[in-house]
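Dropping the structures in below, format is structure tokens.
Below, chain A partners chain B and then partners chain C, in two separate complexes.
Let's look at the complex of A and B:
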């Protein structure tokens, strides 16, 4: 356990001094702010951009705060996933490649604490960043929109969507344990995006997958998801997270021999 | 007491043997030099001993450790890589903690070790700004911080300037009093200075090993060498003396069993023309190296 905290402190400092602790939240906060502003000021934006023929009129949908959150979630599913994978894809493969890992692996370390400390610190940074993004979005939504989700619904949404974010981060960290950096990024993004495409096609029949989780989470903003499907998907996701952690731990140990000496 | 026993150690990468069937053992508190040309398998051997690489076959046995052998080993790679955003003291504290040193007095212990390796003035500086020599010193510090009983050092002084080399060799000698050291080097002057045992590697095979003196004797050391200012004087001396003398350029070598120092000095007193020095003929390690490595 002591090793876990030593490693976690090291990861924390690395995030701090590498400015990861700044830019990851900033990306989410930026998109979180942009989304409600864009929809609210869309008529003015279209006006000022100007290239519209005289007399053209658009029937813009009446957006509620909930709609904005759903739209923002769509953004996070693409850009957010990309950012999280890019932020953590090198967490272990980079240490093997640069050789900084070598001097860790020759010590009597447990790879469980090595993996879990990276996973833990990445998860905190990632999940808090996403939540900050939604928080930013809500501050604008409350001011600019008449209808928006209540605190209770929002918290349920943030908690369940956080499990999806945890899944993304676990996949990135585990991929980094298994593969070199480039391969890790490719594998993690491949699995996540292909999963999303497959989910888009047959998701209605395939209800217990991590890829359903964002959608079920969003339903908490309205009537709430169908509870059997939600808990099923949640259970499968948690199971996959544990499985990835086990694989990642084992592979971090096996791949220690690939560290540059 | 044997600290480490290596038997029939072999490592193949994709079928190609990097280290082949080497066996040796290390005795407590001795220094062993692993010598060989580039690509002879020194680093591969070190990596296996440090537990980084799994041997293809053969065994590495550590004496007297029930638990994780990595706890009692200190390892310094040839080019140690550190986290550039850490300070020296942060790094060392992390390393010491990971090796299970108690938290009490950890900082003081780390500062002491940084002082020992000559980094006292850089304790709180970021490693990113360190020179190669400073990194090497920090590398040594992290290898010794947990008081290992066995030190594995891969080319510990190659990256240093002559003054730094001198200092680090002195540190190693001091450490050698309480620690078993195995180090690889191609700077043979250094090996000559601090070694109880020599291991010569070539193409992954252990082609010669033994105590420095034994190896020296085997490769024609131990006689006398008389140096002359010119070849003519050397030639005259070699032909005039009553022993089987060998002339090499402007040197004359006389085997140990042929004459005693007294006899040579007596003879030289009457034939002093052109003599520059008379002394024991110690074959330099470099010559042995070239002979051993050059063997078919």
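Let's look at the complex of A and C:
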């Protein structure tokens, strides 16, 4: 346990020095602020850049705060996933490549605390960033839109969406334990995006997957998801997270011999 | 439309946080770039990418531009 906190402090310092702790939250906050503004000023934006023929008229749908949150979640599913995977793709493979690894691996370290400290700090940074993004979005939504979700619903949504974010981060960190940086990013993004495509095609019949979780979370903003399906998907996701963590720990130990001196 | 009129119409109260975030991302990217010895690709390329491509530019630099060696 002591080793865990020592490693965690080292990770923290690395995130600070690499400015990861600044740019990851800022990216999410940026998109969180942009989404409500874009929808609010859509008529003006179309006016100024639209190149519309004279007399063209659009009936824009009346957006509510909930719609904006949904659309923002769609953004996070694409850009957010990309940013999170790219940010954490080198978590372990980078250390093997840069030589930091050799300094660690010659010591009698426990790979469980090595992996879990990296996973823990990455998860905290990622989840807090996403939550800050939604927080920023809400501050705009409250000012610009009449109808918006209440605090209780929003907290339920944020908690369950956080599990999905945790899954993404765990996948990225575990992949970087198994593969070199480029391969890790490719594998993690491949699994996540192919999963989303497969979910789009046959998701109706396949209700207990991590990829359904964001959708179920969004339902908390309206009526609430069907509880059986939600808890099933949540259980499967947690199980996969644990499995990935175990694989990651084992592979971090086995790959330690590949560290460049 | 006159430039001043256009400026007056912009809702600065709402968009200043976005401009600020943009600025911070660019500054942080440049600080990092000035400290770093090795990047993937020529440094001058990254200077232009960070400067000219909004939001995505600094993100690209942070994710694929840096090399730790």
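Following the convention adopted for this analysis, the second predicted complex is superposed on the first by the 260 of 261 C-alpha atoms of A that agree within 3 Å, B and C clash if a C-alpha of one lies under 4 Å from a C-alpha of the other, contacts with A are read in each partner's own complex, and residues count from 1 in each chain.
Keep this in mind: contacts are C-beta pairs under 8 Å (C-beta built on N, C-alpha and C of every residue); 3 or more make two chains touch, one makes a residue touch a chain.
Because the structure is a prediction, the values reported are computed rather than measured.
Asker: State whether A:229 touches chain B only (first), chain C only (second), both chains, or neither.
Answerer: After superposition on chain A, A:229 lies in contact with neither partner.
Asker: Look at A:86 in the shared chain and tell me whether it touches chain B only, chain C only, both, or neither; answer first, second, both or neither.
Answerer: So A:86 only meets chain C here.
Asker: Considering only touches as defined above, state whether A:98 meets chain B (first), chain C (second), both or neither.
Answerer: The answer is both, since A:98 touches chain B and chain C.
Asker: Determine, under the contact definition given at the top, whether A:33 touches first (chain B), second (chain C), both, or neither.
Answerer: second
Asker: Looking at the overlay, does A:107 come into contact with chain B only (first), chain C only (second), both, or neither?
Answerer: Touch status of A:107: first partner only.
Asker: For chain A, give the residues common to its interface with chain B and its interface with chain C.
Answerer: Chain A residues touching both partners: 18, 98.
Asker: Name, in rising order, each residue of chain A that touches chain C in their complex.
Answerer: 18-20, 22-23, 26-27, 29-30, 33-34, 37, 41, 83, 86-87, 90, 94, 97-98, 136, 140, 143-144
Asker: For chain B, which residues count as touching chain A in their complex?
Answerer: Where chain B meets chain A, its residues are 43, 46-47, 50-54, 67-68, 70-71, 73, 75, 77-83, 85-86, 90, 94-95, 97-100, 139, 142, 154.
Asker: Provide the residue numbers of chain A that touch chain B in the complex, in ascending order.
Answerer: Going by the criterion above, the answer is residues 2-3, 6-7, 9-10, 13-14, 17-18, 98-100, 102-109, 256-257, 259-261.
Asker: Can you list the residues on chain C that touch chain A in the complex?
Answerer: Per the touch definition, chain C meets chain A at residues 11, 14-15, 17-18, 21-22, 24-25, 28-29, 31-32, 55, 58-59, 62-64, 66, 68-69.
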